[in-house]
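Working notes for the structure below.
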Amino acid sequence: MSKQLGIYYSEYLQLNKILDAQELESEKQGAVAHDEMLFIVTHQTYELWFKQIVFELDAVIDVFDDPIIEDKKMGRVLHLLARIKTIERVLIHQIDIIQTITPHDFLEFRDLLIPASGFQSTLFKQIEIKLGIRREHRIAADCEFFKSRLKKDDLKSLDHLETKETLHDLTDRWLSRIPFLKYKDFDFWKSYQNSVEQMLDKEHAIIETNVTLTEREKQFQTNDLIMTRTKFESIFDEKKYAKLRAEGNFRFSHQGFLGALFVNLYRDEPMIYTGFRFLTLLTEIDELLTNWRQRHAVMVQRMLGTKLGTGGSSGHDYLTATTQNNRAFLDLFNIATFLIPRKDLPDLPDELVRALGYFFRGEKDRLEELEM
Amino acid sequence: MSKQLGIYYSEYLQLNKILDAQELESEKQGAVAHDEMLFIVTHQTYELWFKQIVFELDAVIDVFDDPIIEDKKMGRVLHLLARIKTIERVLIHQIDIIQTITPHDFLEFRDLLIPASGFQSTLFKQIEIKLGIRREHRIAADCEFFKSRLKKDDLKSLDHLETKETLHDLTDRWLSRIPFLKYKDFDFWKSYQNSVEQMLDKEHAIIETNVTLTEREKQFQTNDLIMTRTKFESIFDEKKYAKLRAEGNFRFSHQGFLGALFVNLYRDEPMIYTGFRFLTLLTEIDELLTNWRQRHAVMVQRMLGTKLGTGGSSGHDYLTATTQNNRAFLDLFNIATFLIPRKDLPDLPDELVRALGYFFRGEKDRLEELEM
Amino acid sequence: MSKQLGIYYSEYLQLNKILDAQELESEKQGAVAHDEMLFIVTHQTYELWFKQIVFELDAVIDVFDDPIIEDKKMGRVLHLLARIKTIERVLIHQIDIIQTITPHDFLEFRDLLIPASGFQSTLFKQIEIKLGIRREHRIAADCEFFKSRLKKDDLKSLDHLETKETLHDLTDRWLSRIPFLKYKDFDFWKSYQNSVEQMLDKEHAIIETNVTLTEREKQFQTNDLIMTRTKFESIFDEKKYAKLRAEGNFRFSHQGFLGALFVNLYRDEPMIYTGFRFLTLLTEIDELLTNWRQRHAVMVQRMLGTKLGTGGSSGHDYLTATTQNNRAFLDLFNIATFLIPRKDLPDLPDELVRALGYFFRGEKDRLEELEM
Amino acid sequence: MSKQLGIYYSEYLQLNKILDAQELESEKQGAVAHDEMLFIVTHQTYELWFKQIVFELDAVIDVFDDPIIEDKKMGRVLHLLARIKTIERVLIHQIDIIQTITPHDFLEFRDLLIPASGFQSTLFKQIEIKLGIRREHRIAADCEFFKSRLKKDDLKSLDHLETKETLHDLTDRWLSRIPFLKYKDFDFWKSYQNSVEQMLDKEHAIIETNVTLTEREKQFQTNDLIMTRTKFESIFDEKKYAKLRAEGNFRFSHQGFLGALFVNLYRDEPMIYTGFRFLTLLTEIDELLTNWRQRHAVMVQRMLGTKLGTGGSSGHDYLTATTQNNRAFLDLFNIATFLIPRKDLPDLPDELVRALGYFFRGEKDRLEELEM
């Protein structure tokens, strides 16, 4: 290049830093373990992607942190959440790469890294916290690790982060203020409860009159119905909900949970569609993180058998526990319990439906209407 | 199961048919070629997925075939298109499976299948046609194959299908009737053309006054600018556009292309966001089909070298040609040529922006407004 | 096609059967649920792939069912196992497709399918059994389902299948007869045990003399060392092993487990490399099946919340239990526990190493040697 | 952490460097373009993976650079090549991430990066060169870019790299010295040529005596047969081969190409199986790189339309050209042309087959044999 105008690829990307940050512990100790390079590089790419996810989460939280969320910004929010999903898929895929280190080759440098541990990734912890997983939701071992494994500064900054509003908190608040659920003399939840009860009564009648059922089957189906009824009561009765929530069965506020249910039921209304997409993306981000944890847990099992992890963690068992437990949006997985078939859904008042549509639908005459 | 109530898995799925439809040609001829089973099963799963894609395309076309497309149905349309993408990704992934047949193992049964050919998949042809690829867009060899490779009935039904409106046609029509581009004394395209010209003039001035450029570089950059100007003229000048379209450089009508450009430029307006998602999904469906074709072409190259395909097709070369050529929505890939940075975009009149938002934004007072 | 010579694509693939096997239960009952088509098609592709996996497993079992396994067939075995892995990856990927059915849309036809259940896939059960999961390894609910959910014929044929030798059995037998572990006055396991003890003694000395450790840390590390010692004893002491095996902690015979360990330790010897690849592929097939189960479990959680599955199964919880439990080759994941670093490995006698190499290494002079 | 013993995660991974290397050009110029962060991070992860691929290629080249390649090292070589494939798959997958930058959002910072270009990634060039793509194999535009786009030091180091032996060169040399193709009075290639001729003669007879063929069809099939004969001549006749090689139709030496063909034909012999896996992995590494290039080309088309790339390259067209052209192991894709069915393969002399097997097959009596 005769003379350089402007930017050069390697300088723009600061490759001098990036590509000069792989120092093999095994080399320092005199015997290069070839696979340690892969171990380092893989973890570094993970950290880069974690940084990116935090960056996107911050942008989403920033939008939702306003008292009124501008519709105009929702498209962008959906886009960034979908991006996080795309990154998560690559994070899962990368496990295939790290698994090309065989357990025996891992032994060549594993002990040199003690007590460093993936647990010490503060960016990963930031992702968990920003999504909505606070210390209070973690299992004991997980909480213990914060104190025993992290440097003071890292711990302090995570402690501080937990005092801030999470995406879970903001989503809850946003769902809680869905308007129009009471509208003139229409009370949505009263209607919904009626529909549910009619549905359950009808199912009860079917069981009672079904002559082909044995007594045992009749009993079984009746019990199932009673259980279903109890479940619905837990969301229709604010106090029961509060109790269950206190016990950790729900995370959203009562209004928030009902809002999420409503959005799932009436997703086809144009104005609600965006909210439905938003909740679906949160569900999927949570699901993909869960998939990643499970892959990670099985990988550790294969890599270490029943040995302890480099950080002294019990490896597979601990990871399996967090897979089941560290779920920011588990409530959204439970929504399905409370859906009823479309045909049984209460009709929304016409006026409301109209309000939920676009006022301007691309028909020319509607524009005139608007101008008036 | 003491007695059967209702539906049984294998009957519901008609597994007796599905799992009894693998007859090895090599077995009939006396020497089982183990890998022929995989060859058959893989193709059968492809055909099942093709059926599903056709099913989804039909549902989308059905919505778009109405003179007014109900907003309420757009969420569903986006959902089905996203589903097609998801299926396409699996179609691509399945190439990994068929590639576990080595070229040498393929030789064990390849000749027995002559002249059968994947070209004879009428469902795949249906997908191409329903998306918008008609005979007129195909390369000669491709057209020739319709006559030489297909049974009369298959050919006839595809001929008939080509007389119907495709998703490309319907999208074009829908894009063409985007209203409000001329609104009172606001003429969007005039404004846009002004913005483009100012942008290009500014760039020209920068080149002219840049003392660090050599004559050769200045010449190069000036030429590039001229080329860009010419490109923009091709969309601002209806006649030039018509000429280029006649030569196959554009597929959408002039209004349709401008509509697609507008949607890309103002995607953040809530009412336009859905349209933007729609176009993006079409782009991605086209892209994934292209990826599939390319993977297929390289697979054939590896499987057959320079031999002819089982249907006598020249294999790799033919497939590479269709990869470049059979693109229903190539126009959407060219949109990028005509985008200008947000800061240079003409502002839409306030009244119009308001019309493009939700009338009802979840603020309580707006509801009152509505009631009046 | 003027006249047909030979085979036609759609006839070869029996597409008349395959593409005519989708009958929507919802349609029969008067209201088409659009997404039921996808539900059917996805399950049918799953069944086709299950058939293929069974086909490949049979071929592998066939090779291993001989008293002497021909080296010449091992390449083929590895190839087929790798193929199963590739198929499993697509099976996992397909979950993305079925998840495009939202919980609410699933409700439109879910009740119509009761009590059909994915549990009733006998091909999937065949895969589990052929790999090595018999009734005795299953959790109670799983066993119960065999009786309550399957038709008599299906149950009977699975019962019969369980009486046959599984891939796990055959692998165990093959590993048990690895020769040369005692060779002249070389006793491999005695040497290995010595190496392990030296390694553990050295670690113990390090802990004892490490002045930087607190008492508590010293105690913790000492305990860990004791646990490790106990683990090694469980494989060096045949009786302890037998006891642990009886309790379900090991599945392989003692000789088989040691064989697997040896193969992992000396994988670089050309003759052992193939065996190492074989064990690795079994590990990965097991791991991918586990990944599939986990994805499936989370999918069901999202689809049904805490509702019961169509077959009345408790859905997510049941599936999570089988994810942890139905592991044919869990022993291979535990091998890692007993590996020691290469530098501590006992050297094999030269004569033995020579025997484990190719006799003919492409050196010309060796050919001469051979001719003599 | 009360006091730090040993290594800390973030220090080990030098995260201070890695996570502090993202400086947005748009921010420097006063208006942050949100998506520029993703653009930088994605490229940085690419560079990290490129470094890893180079690291693995070096290890493989190192093994092959010896006059005699130790069998013991071949397992490792296969493992590292499989690892490269796994990484390549992730590289392809990452394109999904960068494509979440819409063309319009890319415009927000694209001009700021001029004239930086992905072409300037010297690590990617190193991968190409180490695999075997030298300047002489590139299209003109590609060669031109070396001079016009790269800094002097970068160019110089790549120039130097091209003087070294590539993996292609070493593979060729290794294939060329496969022994035993002439063995006593057995001349493999003479036998193979006989088999081919018999096969072609038989096919000719079938065409001639097939009364159902029209004249035109007979002509077509005869021509095809002649072409096939000509192709086989090109490998049996050293001079023809040399001529075609000089024209760029082959890259391997004549002996190397024949060696590769032999390995593909007799892959089941234990001693050859490893070589077959080696060639297959090279084929797949080449194929995955091709897939990546194609995905990249289509991505650029969607991102830029017909605009020039940031480096002034013609983008899509240039990339499509390199996709077709920059193939290190295209010869291995052409092998399929010259395979003949197993039943027509010449039998190898017993003595040779025995030499190609393991001398020691796990049978006890063979051990005795060895001891003698």
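When the chains are written out, they are named A, B, C and D in that same order, and each has its own residue count from 1.
Please note the rule applied: contacts are C-beta pairs under 8 Å (C-beta built on N, C-alpha and C of every residue); 3 or more make two chains touch, one makes a residue touch a chain.
Note that the coordinates shown come from a computational prediction; the quantities given were computed from them, not determined experimentally.
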When A-C is set beside B-C, which has more C-beta pairs in contact? B-C
Which chain's centre, taken as the mean of its Cα atoms, is farthest from the centre of chain A? D
Between chain A and chain C, what is the gap in Å from one C-alpha centre to the other? 30
Measure off the straight-line distance from the CA centroid of chain B to the CA centroid of chain C, and report it in whole Å. 40
Quick check: what residues of chain D touch more than one other chain, meaning two or more? 5, 102, 267
Chain C touches which residues of chain A in the complex? 102-104, 107-108, 220, 224, 228, 231, 264-265, 267, 280, 283, 287, 290-291, 294-295, 298, 301-308, 312, 320, 324, 333-342
Per the touch rule, the chain B residues reaching chain C in their complex are 1, 4-10, 12-15, 17-23, 25, 34, 37-38, 40-41, 43-45, 47-49, 51-52, 55, 59, 79, 82-83, 86-87, 89-90, 93-94, 96-97, 100, 102, 112-123, 147-152, 154
Chain B-facing residues of chain A, complex: 5, 68, 71-76, 177-180, 183, 212, 267-271, 273-274, 276, 351, 355-364, 367, 370-371
